[in-house]
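Multiple structures follow.
Across the two complexes that follow, chain A remains constant while its partner is chain B and subsequently chain C.
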Partner chain A sequence: MAECHPVGFQWVMEAKARGATLIHVDPRFTRTSALADIHVPLRVGSDIAFIGGIINHVLQNEKYFREYLVTYTNAPTVLTEDYADTEDLDGVFSGLDPESRIYDFHTWQYEGTEVQAASGKRDKEYSDRVQGSSGVRQAGRGEAHGSGGAEVTAQITNDETLEHPRCVFQVLKRHYARYTPEVIEEICGVPQETFLRVCELLTSNSGRDRTSAFVYSVGWTQHTVGVQYIRSAAILQSLLGNIGRPGGGVLALRGHASIQGSTDIPTLFNLLPGYIPMPHAHSNEDLDAFITAEATRKGYWAEMRAYMVSLLKAWWGSAATPETDFCFDYLPRLTGSHSTYETVQSQLDGECKGYFLMGENPAVGSANAKMQRLGMANLDWLVVRDFSLTESATWWKDGPEIATGELHTEDIGTEVFFLPAAAHTEKDGSFTNTQRLLQWHHQAVEPAGDARSDLWFTYHLGRRIRHKLAGSIDERDFPILDLTWDYPTKGEIDEPEAESVLAEINGWGADGNPLTNYEQLNADGSTVCGCWIYCGVYTDGVNQAARRKPQVQQNWVATEWGWAWPANRRILYNRASADPEGNPWSERKALIWWDAEKAQWSGHDIPDYDKSKSPHYRPPDGAQGAEALSGLDPFIMQADGKAWLFVPAGLTDGPLPTHYEPQDSPVSNLLYTQQRNPVRQIQPHPNNRYQPSGEDPGTEVYPYVLTSYRLTEHHTAGGMSRWLPYLSELQPELFCEVSPELAAERNLEHLGWATVVTARGAIEARLLVTERMTPMTIQGRRTHHVGIPYHWGPNGYSTGDSFNDLSSISLDPNSHIQEVKALSCDIRPGRRPVGADRARLVHEYQQRAGITERTGTEV
Partner chain B sequence: MGVRDWLGWPLFRQLGAGDPYGRGAAAKSSTSEHLTPRTQTAQKVVKSVCPYCAVGCGQNVYVSDDKVTQVEGDPDSPVSRGRLCPKGAASLQLTTGSARMHQVLHRRPNSTEWETLDLDTAMDMIADRVIATRRQGWQWEQNGVRTRRTMGIASLGGATLDNEENYLIKKLFTALGAVQIENQARV
Partner chain C sequence: MATNSHALYGEADPATLGGYDEPPPRMGFFTDTSVCIGCKACEVACKEWNAIPEDGLVFTGMSYDNSEGLGADTWRHVAFIEQRKPLAMQDPGVQHEDVDVLALASQGSGTPPEQARITPTTPGEPGQMRWLMASDVCKHCTHAACLDVCPTGSLFRTEFGTVVVQEDICNGCGYCIPACPYGVIDQRQEDGRAWKCTLCYDRLSGGMEPACAKACPTDSIQFGPLDELRERARGRVDQLVEAGETGARLYGEDPHDGVGGDGAFFLLMDEPEVYGFPPDPVVTTRDLPAMWRCVGAAALTLAATAAASFAGAMFGRRP
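Right after this comes the complex of A and B.
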């Protein structure tokens, strides 16, 4: 955090100054470790085991927050008899079909009922939930599968004594029993003494009077089990009562100014604005069927129809009527995953022929950068919008494959457009930061030359396309012709008014006045709203994201600076900050509380809860939606109002986190015979070979653990940092970090050159031999890490080879995020070969390791 | 050189002014005394947000003669309290540095070089290509089930852009029937 989010880290230091204990768990010793009370180096790829060990400690030693657990989580809920755990099936859950590599999730459900997920793969239940559906089995993952079965609306069975052998709490206890301190030491390389100290510090700092927070970044998400990493922390924090309370939480520190915003208003294939799922293709699917399949019965997702209809109204205006099914059919349908990695395959297959890159540099920043470049070399046209000529703009001229002779510029038919982008100082707009806070940046100057905002580009591209298609009677053009696309523009360059777009995102009612809250949205087409969770950002026609009341003039929650979704609430699920009666768990940790006199919730933050719902409210029989949430249900987006220790729906790879080794790992899975996540997503391809793992012959060819990371002085794939003299001077070139012990083992010399090789590529880097890298003993074997920052490529002022020429496309099956934090490699002294010899070296390694197209593809 | 000049030397000034370590007034020269920071003379200060990571530090953008002259941390921000990291502090160079491109470039198929292109022409060419490729990759259905989409066009990027920009990208491309719309949040 001190490295990559240094200014946010000031608050950690502030907490430390007030007595907080800071624990840093990271394979490397970084600027964060230097300021931490304890640094715990662990082997990359072993965090589920590490957190699992703490969960086991909490359960075995009864360190959980019992009252919170029983009332606010699904710990008491009884599961179906059909559920079988990894304990029963040696590392896999019930429902696995090894042929298709898909889990049937039906056996993971609650007894006697069926709940829908608040996020994730909601379409999985389509055929169960839609009457008359043919139950079409789709090609992709996370898709409808399994046979019919009528919807059941029986009551959830709870055992508040937590004794029922099939209640979540007991299942959890059995599942984690084998995550003992001894086993943690063998898997993670963390000495038992250190591990137990972490357990002790964490549990003694959780409860009524104290809370602990977990902070993570892509070190947790970029794995074939990334979602389950986060789930591990969610389970632990729920057990300890650290969710929805000040100083608690599982906090993602994200790396781009509006990466949160681009998830909320998603430029992502599987989502519509506000986490409404993109529809998957089903027979006779209409809006009703979609809502039936995807919405919950209880909680705010029960109102999905209102959110969806308001969105369709925002996009297709007067064409979206009850008669036209609100233009639901105008939405393109998914068939499986269409993530950026499938797109690369589709480019290589010649299906995807046109590609827009808007401020992103996949030739450096995406896994298996070579596949990215080869995909682009197979396009008809490519549009790159950026500040400078990134590697993704120039690969056809000077990319690594030109140097190796694998590609020849004259043979590449891709037409490339480079359009210079405007900077944040040259346009109005909002960023959503990592804590869901929208902040407006005002335009300071006009962009020079041809530089334009992406707002300008997208608006004017759309305007031209609409003009060219005007009058078309081709049905496929109707969605584009009926689109509401009439934003006012300003100035000489006709820049669209960003605030008018914000107003549409916020939405308006039948009277045309801006809405103030998503609870005002209707399912009948009388309201318009581009992103329901952002409803209220333009309350009273005032840009709430531009509010800047100085921090010294307001309380510590600072609700008058910017605007946080939803409804300007700063801590999500904060009903959990009060006990079942509505009183703060302690004075010290008070955030919101039930004011019986006023009959409402009040406090420092805005309640993430119905303000007038008493703790004593119990829903009447047959209640639905928000009304069905009791006064004891803080988790208002969940189908049962509770924090999920066990996930009955929404995940593709299991209801509980389980330790699996990474796709490429020199280590065997000590816990189960199952080596890897059985449903991880892999894309075998001659340029995307996987390596032998564990005890497989050939593993010794790539004996070291490889990880990647960022530096303070550079930004992601370098597009906003390697072209800056200041930053390039601070971090002038690529390097790789190894321990003195590994340096001695491989004759690596500090400041000399090293070549790092995987089954995908070979890169060179200067060596930083440092004790910041800790050698570990894993299952009796000395294990070393090689660490490489991923910012570099050949362009700009500060240059170097790209880490992603080493990585493979192997993905988490839920999020489709690539595993680039835990791989294996070899390292040798000296520079890498140039020209055709570079590819030859990679091939020679593959042969020595006996790699075939099947290696590493086992279930 | 007279005695008066000698007395003007920094060491004498330091000793004479009771500032032996040269950390106060003695360190000033007549030149530095008359310098004023760009931030003081700026014609306007525009409120902004750092464009790098997602912490969202407040920035004050100083402008004179329609040029950005300095970018500083905003002390009013409850997020950052005026601080910026090395990247944020380099925002002036990011936005006004010489590495920024201001000209549209075009590489014809199989060509070895860039050529310059007029923005208006480029926009028109891109619109034509979108229309053609969209049709080429069009799928009314797959395996007998309606999909109403194009697999011909994909887009990547958005995490560095504004919410309003992401909104228009998603809206336009979805209306075009594209589903392969992605950004760094996936990566």
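Right after this comes the complex of A and C.
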């Protein structure tokens, strides 16, 4: 966090100054470790085992927060008899179809009922929920197959003694029983003594009086089991009662400013604003069918129709009426996963012909950068909007494949447009940070030359396309022509008013006045709202995100600094900060509480709960939506109002996290014969070969664990830093970090050159031999890490080879995120070959390891 | 010491000494290296604000330090020191039991990086590790030798007690360079003039704090009235020592030291030499009065001798 989020780290330092213990779990001793109380190096790719070990410790030693657990989580919920755990099936869950590499999730449900996920893969149950419709099996890999017509009306069975053998608590206990300290040491390389000290520190700092927080950065998601990493932390924090309370939580530090904002109002293929799922291509699906399939019956997702209709009104205005089904058919439909990596495959297959890169540099920053470049070489046109000529703008004349002779400039048909982009200081707009806090930034200077903001580009592109299509009677043009596209502009360059976009996101009622809260949204088309969770950010026509009231002029929650979604609540699910009776768990950790006199929730924060709902409220039979949430249901977006230790729906790769080895790993899975995540997403291709793992012959050809990371001095793929002299001189070129032990083993010289090889590529880097890299003992074997920052490429002021020429396309099946934090490689002294010899070296390694198109593709 | 003090040595208020009648409080930096995270925001903020040129892309191999030290074009510099020493209460987690670091880095951190087998690491117990980071800057000495020797008046004492070079007056004579006991002020090769930290004199004049202190996320660099900073710093040292960090100490805070105390002082976790600081700096002009007295005495003697010989010549005519 000190490395990649130094500004946010000031608060960790402040907590430390107040006596907080800081535990840093990272394979490398980094700038964060330097300030931590304990640094726990663990082998990359072993985090589920590490946290699983703590979960097991908590369960075995009864260190959980029992009252919280029984009331606020699904620990007491009894599962269906059909569920079989990894304990029963040697590392896989019930429902696995090895042929299609898909889980049928039906056996993961609660007994006698069926619940819908609040996020993730909700469309999985479409065909069950919409009678008579036929599903598209593979769509987004979220599609279910088979059908059971699950009952949706039955009641959930709970056993509050937590003793029912099929209740979540007992299932959890059994699932994690094998994650013992001895096993953790063998898998992670963490000595038992250190592991137990972490357990002790964490559990003794959790409970009524104390809370602990988990902070992770996006590297945690970059695994074939990335979502399950986060799930592990969520389970542990729920067991310890650290969710919905001050000082608790699982905090995701995002990779760029406003990445949180770009999932709230998404640039993702499978989401609409406010986490409403993008519809799949089902036959004859209308709005009603969509809502029936996607909404929950209980909790605030039951109101999805209101959110969706208000969104459609924001986009298509007067064209969106009940008669036109609110233009639901104008929305594109998913026919499968269209993540960035499938898009590359479509480019190679000639299906995807045009590509916009808006501040993204996949030729350096995306996994298997060679595949990215080859995909771009197969396009008709490519638009790159960035500050400088990144590698993604110039690969066609000076990329690595030109040097190796795999591409020839004169043969490339892609027409490349480079359009300079304005920086955040040159435009108005908002950043949404990890705390869901929107903070407005005002333009400081006009963009230089032809540089333009993304808003300018998108608005004027849309305007020109609409002009070209004007008068068209072709039905496919209607979604463009009917768009509300009338933002006011200002200044010499006709910059659209960013605040007018914010006003549309906030929405307005039938009277045209700004809305203040998403509970005002209607399903009848009388309200307009561009993103339901942001409703209220423009309350009273005032930009609430621009508020900057100093901390000293308000309470410690500081609700008048910026604006947090939803409804300016600073800590989500904060009903859980009070006990079942509505009193704070302790004075020290008081946040909100039930004021019986006033018959409402009050406190320091804004309640993330129906303000007038008493702790003693119990829903009447047949209640739906928010009304169906009892006074003991803090997790108001969940279909059962509880924190999910066990996930009955929404995940493609299992209801509980399970340790699997990374796609390429020199280590065997010690826990099960199942080596890898059976439903991980792989994309076999001649340029995307996988490596042998574990005990397979050939594994020894790539014997070292490889990981990648960022440095404080540079930013992601370098577009914002490698061109800047003041940053470049601080980290002037690519280097790799190894331990003195590995240096001795491979004859690597400090400050000399090393060549790092995987089945995808070979790169060279200067060597930094440092004791901050430590060898680990994994299953009796000395295991070394090679660490390489991923910022560099051949362009710019500070240059170097790209880490992503080593990585493969192998993805988490839920989020389609690449596994670039845990790989395996070889390292050798000296510079890499140039020209065709570079490709030859990679091929020679592949041959020596016996790699074929089938290697590493086993289920 | 105070008994020996004079305008060039001993405890003093530099601004008063510099001729300001009612100067504002003396301002300075307290750099608390125990909370430095090595982000180098100070280096970048300094260069941005003062428009200092980039000075070369050199991968030094000295841990994460690629700017090497203070110079004409580096007015804030963050040192990175990898040590085989424990930080109080910290468990570093590294396992290097079977590496003979003594053999690998036989000269310890003094080994030139190009000859070192690993990033210089101070020898110590295996399995111990700490990574010290410290942002260095001009000390703005109470008695600033650079200023004393400057023949053009380019270097001057500000009302805040800081020492500033005026780039339009400096003639590049270079006298100040060897005068600095810390090796801070430096000549820029391109134009021959001397450059160093101004403690953002322009920002101070406008009521703002220096760029580096503003940018520092963890308040490792603190700016303020020197008296306040000294008090705060002493409290911080006590706190660290109490927490078991017995190596914590202040450097440059003592008004009785060889430069009369620094306007920019530090909290260090180890000996000053570890960070590249001189252990016992003395203002190089300390002995100037004595020297002048000697020179004066010598001159008087010479004059007397001359006079005597003249007198002798006048009056002592050949007997």
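To be clear about the criterion, the second predicted complex is superposed on the first by the 850 of 859 C-alpha atoms of A that agree within 3 Å, B and C clash if a C-alpha of one lies under 4 Å from a C-alpha of the other, contacts with A are read in each partner's own complex, and residues count from 1 in each chain.
Just so we're on the same page, a residue touches a chain if its C-beta (ideal position, glycine included) is under 8 Å from a C-beta of that chain, and two chains touch if they have at least 3 such contacts.
Because the structure is a prediction, the values reported are computed rather than measured.
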Considering only the touch criterion stated at the top, classify A:Asp209 as touching first (chain B), second (chain C), both, or neither. neither
By the touch definition at the top of the document, which applies to A:Arg31: first (chain B), second (chain C), both, or neither? second
Partner chain in contact with A:Glu700 - chain B first, chain C second, else both or neither: neither
Between chain B and chain C, more extensive residue contact with chain A: B
Based on the superposed arrangement, let me know which partner A:Glu200 touches: chain B (first), chain C (second), both, or neither? neither
Contacts of A:Leu730 with chain B and chain C, given as first, second, both or neither: both
Just chain B (first), just chain C (second), both, or neither: which does A:Thr774 touch? second
Classify the contacts of A:Pro6 with the two partner chains as first (chain B alone), second (chain C alone), both, or neither. both
Using the touch definition from the top, say if A:Glu713 reaches chain B (first), chain C (second), both or neither. both
Residue overlap on chain A between the chain B contact set and the chain C contact set? 6-7, 10, 712-713, 725-727, 730, 797
Touch list for chain C against partner chain A, complex: 35, 37-41, 43-44, 47-48, 54-59, 61, 63-64, 66-67, 82, 84, 89-96, 98-99, 101, 104, 113-114, 116-119, 121, 129-133, 217-219
Residues of chain A that touch chain C when the two form their complex: 2, 6-7, 9-10, 13, 29, 31-41, 194, 197, 711-713, 725-733, 735, 739-741, 743, 749-751, 766, 768-772, 774-777, 797-798
For the complex, which residues does chain B have touching chain A? 44, 46-59, 61, 63, 66-68, 71, 75-81, 83-91, 93-95, 97, 99-114, 117, 119, 122-131, 133-138, 140-172, 174-187
